[in-house]
Amino acid sequence: MEELSVSELIKSFVEVRQSTIEICRPLVTEDYVVQPIPQVSPPKWHLAHTTWFFEEMILVPFLDNYKRFNKNFNLLFNSYYKAAGKHWLQAERGQLSRPTVSEIKNYRQYVEDFIEKLLNMGTQNEKVLFLLELGIHHEQQHQELLLMDIKYILGTNIELPTYRETELAKASKLKVEWFSIDEGVYEIGHKDKGFSYDNELPCHKSYLQKSEIRTGLITNGEYLEFIESRGYEKAELWLSLGWDWVNDNDVKAPLYWIRKEEKYFEFTLNGLRELDLNAPVAHISYFEADAFSRWSGHRLPTEQELEIFESKSQIKGELWCWTSSHYSPYPGFKNFEGAIGEYNGKFMCNQFVLRGGCSATPKNHYRETYRNFYPPHERWMFSGIRIARN
Amino acid sequence: MEELSVSELIKSFVEVRQSTIEICRPLVTEDYVVQPIPQVSPPKWHLAHTTWFFEEMILVPFLDNYKRFNKNFNLLFNSYYKAAGKHWLQAERGQLSRPTVSEIKNYRQYVEDFIEKLLNMGTQNEKVLFLLELGIHHEQQHQELLLMDIKYILGTNIELPTYRETELAKASKLKVEWFSIDEGVYEIGHKDKGFSYDNELPCHKSYLQKSEIRTGLITNGEYLEFIESRGYEKAELWLSLGWDWVNDNDVKAPLYWIRKEEKYFEFTLNGLRELDLNAPVAHISYFEADAFSRWSGHRLPTEQELEIFESKSQIKGELWCWTSSHYSPYPGFKNFEGAIGEYNGKFMCNQFVLRGGCSATPKNHYRETYRNFYPPHERWMFSGIRIARN
Amino acid sequence: MEELSVSELIKSFVEVRQSTIEICRPLVTEDYVVQPIPQVSPPKWHLAHTTWFFEEMILVPFLDNYKRFNKNFNLLFNSYYKAAGKHWLQAERGQLSRPTVSEIKNYRQYVEDFIEKLLNMGTQNEKVLFLLELGIHHEQQHQELLLMDIKYILGTNIELPTYRETELAKASKLKVEWFSIDEGVYEIGHKDKGFSYDNELPCHKSYLQKSEIRTGLITNGEYLEFIESRGYEKAELWLSLGWDWVNDNDVKAPLYWIRKEEKYFEFTLNGLRELDLNAPVAHISYFEADAFSRWSGHRLPTEQELEIFESKSQIKGELWCWTSSHYSPYPGFKNFEGAIGEYNGKFMCNQFVLRGGCSATPKNHYRETYRNFYPPHERWMFSGIRIARN
Amino acid sequence: MEELSVSELIKSFVEVRQSTIEICRPLVTEDYVVQPIPQVSPPKWHLAHTTWFFEEMILVPFLDNYKRFNKNFNLLFNSYYKAAGKHWLQAERGQLSRPTVSEIKNYRQYVEDFIEKLLNMGTQNEKVLFLLELGIHHEQQHQELLLMDIKYILGTNIELPTYRETELAKASKLKVEWFSIDEGVYEIGHKDKGFSYDNELPCHKSYLQKSEIRTGLITNGEYLEFIESRGYEKAELWLSLGWDWVNDNDVKAPLYWIRKEEKYFEFTLNGLRELDLNAPVAHISYFEADAFSRWSGHRLPTEQELEIFESKSQIKGELWCWTSSHYSPYPGFKNFEGAIGEYNGKFMCNQFVLRGGCSATPKNHYRETYRNFYPPHERWMFSGIRIARN
C-alpha cells in the first residue's frame, strides 16, 4: 500500500464521512438511541464519537482559535482515552436522549467544515496528515461497528425489522481444500510505507511449524452437525472458561440462530431467513470456534499462520476468523505517541486476534497484517471459523 | 365522591387520553425511548401500556370479534400481570427501538376508536364501566409516572434540558403550626360509592393515639440544616438498611440537588434553579425522611394519622408524604377479581405508604383515602416530609 | 413477670452462660468455624459475641481499671453496634481461623470472672443490673441462634451429621379448632414491671376486628397438599417479591426437606428422618406462609391478634408463627438509651413479626408480648404457620 | 532429568506425602477449615484432594476390588475434572466442617496403604507408574499452594499469626547486570525422557529477537519508587483491564504490604517485618508487573526468553516471574489422555505464564521448561518481576 497525497486524503475523508451517514440511512430516529447490551453503542454515539476524534485529536491541538462545537461533547463522546479527560461510562451511553440525532448531524457538519478549512490552509504538517489518515481508518472501523450494532439493535426488537431489502443469494456447496505452509522463518507484520496501526509493527521474524489451513470457512451445515452431536453439552470439548460461559448463558447455537418447529432460521441484515447450510457460520465466540475445531479433530490457526495463508493464497475473508493467538505485543512494539497511544496497546490482555476482514469491513480499510481482537465470549461481530491442522 | 354516568365516563376517557399526549408534547423523539435506570420507563412505553390496559382488560374480553392492533403488544406492554401472559422484563424496556413513537400513537387511536365504539353500543354492562373507570384512573397514575420519568430522563442528560419554560414562584416563609388529633377510634378507608382502588377497602375502625401533625411540609432550608449538621454521616439517625443505602450509594443530598461552588441548585421540570429554601424538600427516600424526623426530634406520621389529618384539615399536599406505615392489607382486604386483582395486593411487602398527592397528580384522581406506596430507597417520585409528634 | 433480685440475676447469669456451652458440646472443633451462608455465624463467633456484650456494655464502662481480654475483640465481636466502634463484616466471620475455640473459651471465663467480681462488690447501680439482665436475655437469644446455625452448618455437610441422638416422637393427628377474638379495643404491649425489650413498649390500645385463629399449626401433611396442588407454580398465590424469590432460588419445598425416590425426608437436629405428616411444617419463609394461607382460603394473623390469642388461649408455640404485620414501632416507641439503643429500633424496616416462641427458645426467655422479626425470605429459623379467618 | 525406577518412585511417594503433613504441622485445627477468598482452599481440602487424585486416578481403575474410603469423597474432593464426575463448587469449600481434619488424615493413610500395596504387587504397568509420578508432582504443586493458602489464611486474621519462627536474613544490595540473548532460532519445551507436564510439549523451534534480561529481580526498594512516583494513579502505565482492577479494588501496594505511620511492613510466613528494600518484591499481579516494567522503561520478558535465560544463566528463581506471554498451547500440543487431560489444556485462555519457580516450590519438582500460569489479577502466589529490554 502506498502513502496517500493530501488531495487523496481529503477525498477519502469526504467519502468516508458520507459513507457513515449512508450506513445509518435505513434507521428510524428511535434506532439511533438504544443500547440493548453494554458493548453495543447507540448509532448516534458512533456518529458523534468519530467526529469527536477529528475534533479532539486534530482541530483542538492544531487549528488556532478553534472553538469546540459543544464543551460537553468531550466528556460524552470520548470512548476510553484517559489522556483526553474523563468520559461517560460505556455501559450508560443508552441512558442519554440528548444530544439528538439532528444535533449530532450538525456537529458532524461543523467539524467537517473546520477539517476541510484546516486542510485547505496548505500548511499541513506530517502529524496532522497522519492523524487525519488515522481518523479516517478509525471511522471506517466504526462503520463496521455500526453495522454490528445496528444488527444487534434490530435483532432485539420482537418483530426483527429488516435493515436492507436486497435478496441474499444461496451459497454454493463447499469444496474442501487445504493450503500448505512450510516450516521455517517468516516475516510477520506491516512492511511497506502505507498506513498501519501500531499493533502491526514492527515487522519481525517468526518461526512457523509445518501446517495446513483449510481454504473454505466452516459452514452452517458443518456447525449444525456439531450441535446435533451434542457439542454444547460435552465438557471435554471446551476450555474451562468456555464451559462456564456456555452454562451461565445457556448457549445452544450461534447468536442470531432461531429455532422454530425443528427448523433453524438466521436473523440477518436482510431479515430473518432459513439457515443456508452452505454459507459460513457467523457470530461465533472464540469459545465456540475453539470447541468446534477440537470436535472436528483440528485446531484454530495462529495469527501468524493466517497472515502467511492470506498473503500467499490471496483468499479474502467473508468473516473475521478467530485465531488461537492471544492478542499480545509484537517484539519491539511501540505505542503511537500521545493520546492515540491508547488506541491498541492497552487492550493486549485477555483478548484473541481475529484475521481476514469481513463483508462489513469497508473497502481500502483492510490489510493482510490487520489485527482485529475481541474477548473470547463476544460474538456480535461478524466472526467465523477457519481450521488448521499440523 | 359520586358514581359517574356513562357519558361522564366517556368524556373523562377522552380528556384523560388527550391529557397524556399533552404531557409528552415537549419531548423530542429521542426522549421517548431511553430508560436510564430500571424503574424509569421510556415515555413511549407508558403511552403503549396505558393503551394495552384498555385493549386487554376491556376490548379483548368484551368486544366481539375485536382484533388486536398487534399480536406482540401483549408481550411488550403488559407491565406485570401474570394472569395476562408473559411480559417483557421491566428493566429491558429501554432496549427496544420499535415500535416507534408514531406506531404507538396509531395504536392509541385504534384502541380509543374501539373503546368509543363499544361504549356507544348502548349495552354496557357494569363490569365494562367499572373497568373503564379503572383504566382511566390507571392512565392518570401513569400521567404522574410520566412526569417523574420525564424529569429523570431529562435530568440524566448532561445539559439538563428544561421540560417547560414557565417561571416558578418563590415560596413564602413557612409558619410552623401543628394540627391535633384526639385519641380514640376512627374510621379508616374508603366509605362512599365513588371509585376507589381495592387497597382502600374495607372501611374499618382503627384506634389512634393522641398526636399532632405539622401543617407545613419540611422545607429545603430545614433539610439543609440536617445536611449541614452532618446528618448523612451519623449512623445513629438511620435505620440499618438506610445506613447501608447511604453508604453504598454515597448519598449526600436529595435527588436533583446539585452543588456548585458552595451553593445548592435543584433540577426541576422548569430547569435548574437555585435552591428555594422556603419550598418543601422533594425527592426524598423513606430512609431520609425517617432519619430527618429522628434528627428533628419528631417522627413520621402513620398513614391513619395522615388520613384523619387530611380529612379534617382540608390541607392538600404539594408532595406525597412518607408515612411510617409499611404497606399492608386492611383488615378484611380483598383483591379486585381477575387479572386486575394483581393491581395492588401483590405489592404489600417491603414498601411504605405515602399520602396526600402532589402537584403532578391529575385533578379528580386523588382521594383522602388514596394509598400510594414505594420501596424505602426510592426517590424519583415527588415525595416529601411531613412530621408528627405525640 | 417480676423483677429479679441481684442474687437471682447472678444465678441466672451463671446458668445461662453454662447453658450456651452445653449447646455447643456436641460439636467438633471444625463445626465452630464455618459460615456456610452470610446470615449463619460460626458458633465460636456466638460464644465470643455474647461475651463481648458483657465486656463492652458493662465491664468497660462500669468496672474501674478493667483491662480488656484482647483489644482486637471489640472489632471482631461487635455485631452491628455503630456506637461501639467499627466491626468486622458479618458476611466475613467465617474467614477467620483465629482466635481459636480454646482462646474464646478463655475469654468467656475471663469476662465471667470480672462480671461476678463486679456484682459481688455490692455497689450495683440500677443500670448495671439492667444491662446484666439485658445481656442474659441477649445470650438466650443467641442460644436459639446457635441451634439455628448449628442445624444449618450440619445440614450443609454432605453426610448430614446428627446433633443429638434422642429419638423424636411421632406427632399425633391434628384436631382442627378455632379460637375466637371479639371486635374491640385491646391493650397491646408489655405491661408489668419485669424485663422486656424496648420494642414491646409502650403498652397501648389497638382496635381489633372480629377474627378466629386456628389453634393448631399447619402440618407437614397440609403443606404437602399445597405442594402437590402445584402451589409453588401459581403466580396468583404469591406476593410479587415472593414470586421472584421462588423463581430466583428454584424453591420447591421448605428448607431441609429432601426428596428421595418419591418420598420426603426432613433434616432435623436428630438427623434425617421421614417426614412426619402430623408434625407442624417448619423452616418456612414469610412468602411461603403467605402463599399457603392464601391458597387455603385463609390469611395470616396480625401480631396483635396473636398476642391476644396467646394470652387468652395459653397455647404456647412449638414454632415461631409468621404474622402479616411488618415490624414497625409501637405508638410512642423509644429506643433503649446508648449503644443498646441499636438493639431493635434500627431494624424496623422490611421485616415481618413472628410470635409465639419455639422449642429452641430458652425457658424464661419468652413473653407473650415478645416480637421476633425476620426478612420475608428467611427460613433457617424455626418458623411455622398459624392461620386466621375473619 | 532421568526416568525414575519403581523403588525410587515409592521412596519419592512416601517422602512427598510426609512432607505435605509437615507443611501443615504448625497449624491449629481451625486454620485447616477456612476459605477467606474463593481461590484460597482450606488446608484440609488440599490434604484430601491430593489423596483423592491417587485414589481416583490409580486405585479405582487399577486395583481390583478396591473399595473407596468414603463414597462421597469423589464429589467433595474432585477439584475440576469433569470426566471424574460432579464436584463441589470451589468457592464453597470453606462451607464444610466435615469431614474433620482427623478423618482426612485417616483417609490419607488408607489410600497410602493401598498405593503401597498396589506397587508392591510387582505387576505395575507403565500407566500406573506414570500416574504415580504425576500424582507425586501434583501433590508437590499443592504443597506450594498450601503455603500460599496458609499465608493468606493467617494474614486474614487480625493478629497476623506467625507460621514459622526462623529469622529472615536481610537481603544484600542488588548489583544490576543484564544477560544477553542472541537473535535466532531456539528449541523451546521439554526435551529429555524425564517427567514433564503435557503443556511443556512438544519441544519445538521458536525465533527469538535479540534481548537482554536483568539477572536480579525487581526489589522492594525499586517498587517503592514506582509507588512514590504515583505509579498507581497514572492510567497511561496500565493495561485497560489493569486500570479497572486498580480502581475497583483500590490497590495501592503489593499484597501483604501494610503501611503504619509512614513506614511499610510486609506480612511473611515468618510474621510481620519491616520492608526489606533489597529483597525482591513479591505478591505482584501481572497488571502491576506490566505497569512497573513500562514505568521503568523496560518490558516483561516472554516465556521463551526466560526459558533460554534460565537454561544458560543457571540463575534459579526466588519468585515466579511474570512473562508477557499469554498461556497458549505449544505448536502440536496434545493433552494427556483421559481425565488427566483436564490438567492443563483447558486453562489456556486469559492467563499468563510465570517462569522460574520460587522458594516455596518443592525441590525436584521444578524444571526450566516448567510453565506456571495465573490470571493477570492474582497475586496471592509467590510472584515477582524480572525485566527485559531489546
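Quick notes on this one:
Each chain gets a letter, A, B, C and D, in the order it is written, and its residues are counted from 1.
As a working rule, contacts are C-beta pairs under 8 Å (C-beta built on N, C-alpha and C of every residue); 3 or more make two chains touch, one makes a residue touch a chain.
Being a predicted model, the structure only gives us computed values, none of them experimental.
Listed by label, the chains that touch chain B and also chain D are A, C.
Greatest centre-to-centre distance from chain A is found for C, with centres as Cα means.
A separation of 37 Å divides the Cα centre of chain A from that of chain D. Centroids of chain A and chain B (each the mean of its C-alpha atoms) stand 45 Å apart. You'll find the chains touch as A-B, A-D, B-C, C-D. Listing the residues of chain A that touch chain B in their complex gives 28-37, 44, 72, 75-76, 92, 94-98, 100-101, 153-154, 156-159, 161. Those residues of chain D that touch chain A in the shared complex are 80, 82-83, 185, 204-207, 209, 235-236, 238-243, 286, 299, 302, 324-326, 328-329, 331-332, 341-342, 346-350, 376, 390.
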